[in-house]
């Protein structure tokens, strides 16, 4: 290998250059801006080819290789691209964001400076109801009247919080202490720098329907407005393999195989044997793993073999 | 090497066993509890000796080796000890804590469960004044009367915030959204697991006088009540080398050498040459690096050679 | 939450205690020993319940929760268990091992000490043939006669390498330089400490049939002899969901759904539309993604709709 | 804060652009090439100012802020610059390199491809003698005649190793196994991507006189030929504060203070009290910590108060 060219140019992505620095709005006062980036789709290929010891190939083969790498979770070449964002986001949402540890972060300091004078507000039609089925989720919206009242009370609280924050500062209280009762929804800003592998992992978790709506809004914007422009081939592969993918466990597989062969009774026996199907006096006992399997069977248009027993 | 013994016992630290699970109180409603740990002082030595290919030595040599390793920042053997804490801490403080990325974390979820019904409160004599000299710090306390009023207003705000949180829940709003205006000082809980090297780094930064008082309270407790019991030799070395240490830059050194030799005029010229000493029409121009050098000279009982020019 | 018990005991696993320090042999002169550990199956549950804000539950529910967490890739509770191994392994194999970055490592230093006097040897019946289908793999063994010759030459080389290493040391050459031509297969030793989440990721990759045989031998031993004893519930879940699992991409799913419904022609058209099925003058063009899909269909006992066109 | 400009340009460093892709030679057949980079000196400042909530300042203040940040180990703004290198380096040296875990890596695969046909060779005048004082170091060179012989034997070994490697491949042995006895000094290649904070940490350790000469050659080249061009202000600060710096422990300080005040006897008593000075029947007992302190006193031109007792 290693017939190194004497000079190279940086990888440049014109579609991304066009939006450098542009603030894409999110929520009522947040934004995402691309500050800088390193690499393009070819940089992924280039890094993979160092591993494989191949020289440069035709661009037409790049797509196939990128898809292969992502499908098989060969993740290190994706670490060779890097992006730096400037984000403005409610602290509440930032608390979730920052749990992704493999990233570089500089956050606005409310010890050093006066807190940003804005907390995320909720319109009357945006109050989400607790989901019954999912302890972590929401489902539908509060009615108009209730929403109106909730929004008024939110404004009352946010106003009082700001008033008291300002009082503390006027009294000469240290900023680090004055901020202590600001609402979690107060906006913060940060520079966030991350490699593509870790960014895709972030997007896979935070664009997911189970993610909280606020962080999903940021993740979806980053995916669709930024990554799609920056690395169209990697983005396409990510959607085909990660977002649209489907995981079958060993237990799922064993039942699926019998069902696809039409062996419904054997499938029932297999489920019993695997410990996910048993009967109490009121019919089938609840089993979370079986419920998930049933959803997967339905997603494939396959019958649930024990459906008549429920 | 490698005449492996056929069996070993786990490293056990009786002084730490005694406090396993005990909640040490911090702030008005926080705590730190040790849940589990791995390793003792000898584990550091043992790991270092794998590197050096030595067999077991006398315990009496352990102290010298631990001190040598810490003094010379041979950090990997310190990663061989691990501790798991259960902490209860205001979210405001947790925001700083969590910036230490190399740790394992499970935090109480206010998406899944109802938020802990307690925010850190401030007594009238605990309101700290903004430091004039340090934009990030505090200095002294507000007077009694102002403190009284600030505490009343804090209670008013925290009560309203809780009232509105409860209203939202009663209206069936999703927990993930209901929590959005809780005060930053609301308590959270977490399991936090970290290796000794990263823990010492955390302690060095967070026990420092420049750290915010709240996180300093946690860090000091962890250092003095936990690490001191767990690993007395490493803790002693940490205090001697990391906490009590002193860093001289190249510029400091060059001036120090001249000052200790009594060559005051040469020292002034050196400072000028190094770009940290220059005069405006009102005397010496301010220079942050020179101020720091002056503090270091004073700490050694040495004269500041340009003192009469200020 | 947080009715903290006043005292706790460390999590202890009797089945693991029994093998602490015992060297399990691997390859011709390697081993794996457990030096220490933190946590048991219940520690995973305990950490998850901090997140969920639940108190202690019946042990009978632990299995269900562990399986749920692993199935849904809620990985942080698995980081709450930690293990420390002492391993002896050829450097060649260690090169792959060490690419897993999230672990703590102390390796035997051949700068400081004389290199271990043993390189991995190969018996005549152990020489593996290059796989034709997989550029990274092996397939079958060399014949007896060739194997005999290869082993002789291996010994010749390893002997010369050792002889020259010793010559250098005798001539007073620095160990850091004397070692430079030792064979990659020379054994090294290390302490390796890792949390369970990262260990399972290591095992998923290194127990895989595509992993090189040498590191697979280590990984399989660690999985079956160590993790299975240490955390039987997590190990069972790992086998059901990670090892025995099966990933379907969006493209796989779309074809699968048609095939399971018996719509073979529609499935062919879908594959064409998805860009994985096209014809050249000699029949179907090769497409790596389609080949993988075909294997998955076969694994489920489903027909390949375009089989007669190949 | 946050009066975001509508558009920005990427940070560009003309002096670095000029050497993009250029292979700087190291050792007898290695190289370092810059493939891409993100950020410049101003990017450090920009990130710090997000933390401080300040808008853009004059460039003339950048130097002061960068120096302040580095002096006080405010490391996160330095993580906002990133560089990607292509390196060719003996595996022996790469083993040390790769121990720096916080970096992205794609290495040439000798499972997938035929190993690079070159191992680092040693000229007769380059054989280093083992240091007597430092078990990890070297000191001076072997004489001409010995060097001649050592080089011949090195060639003999490297030739045999290559011959046998080729034999194995010709016999159809899998590349993953054929490579097992290649010399550690065989060259490999890799893409290595790292942020500036971690790069400076790497340079501080690997440009150090205690680092092995081979990796020092790479680190010095990266520092002096790459970082110095890329980020001249950060590089200057790094040299002043990190490379030219000097760490005094608590024990050093206490003795220094007495010595600089001319209180030699008190200094002797202090050293005794601190446990670093005690007498055996043959004079002072050896103490590693005292020796280090003596070197530091000498470096400052200060007398060693117990010099006449040795």
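In order of appearance the chains are A, B, C and D, and numbering begins at 1 in each one.
Following the convention adopted for this analysis, contacts are C-beta pairs under 8 Å (C-beta built on N, C-alpha and C of every residue); 3 or more make two chains touch, one makes a residue touch a chain.
None of these values were measured; they are calculated from a predicted model.
Student: Going by the touch criterion stated earlier, list every chain that contacts chain A and also contacts chain D.
Tutor: Joint contacts, listed by label: B, C.
Student: Where chain C and chain D touch, do the two copies share over half of their residue numbers, giving same, or under half, giving different?
Tutor: Result for this pair: same.
Student: Which one of the chains is farthest from chain A, going by Cα centres?
Tutor: Most distant chain from chain A: D.
Student: Roughly how many whole angstrom separate the Cα centroids of chain B and chain C?
Tutor: 37
Student: Which integer distance in Å separates the CA centroid of chain C from that of chain D?
Tutor: Chain centres of chain C and chain D, defined by C-alpha means, are spaced 32 Å apart.
Student: I'd like the Å distance between the centres of chain B and chain D, where a centre is the mean of that chain's Cα atoms.
Tutor: 27
Student: If you look at chain B, which of its residues touch at least two other chains?
Tutor: 52, 105, 109, 112-113
Student: Help me check something: in the complex, which residues belonging to chain C touch chain B?
Tutor: Chain C residues touching chain B: 1-2, 4-11, 17, 20-23, 31, 33, 35-39, 43, 46-48, 50-54, 76-77, 79-80, 82, 84, 86, 88, 104-109, 112-114, 116, 189-191, 193, 195.
Student: Per the contact definition, I'd like the list of chain B residues that touch chain D in the complex.
Tutor: Answer in residue numbers: 52, 64, 67-68, 71, 239-241, 243-253, 256-257, 260-261, 288-289, 292, 299-302.
Student: Which part of chain D faces chain C closely enough to touch in the complex?
Tutor: 90-92, 95, 98-99, 101-102, 105, 109, 111-113, 119-120, 122, 127-131, 135-139, 142, 146, 150, 153-154, 156-158, 160-161, 164, 167-168, 171-177, 179-186, 212
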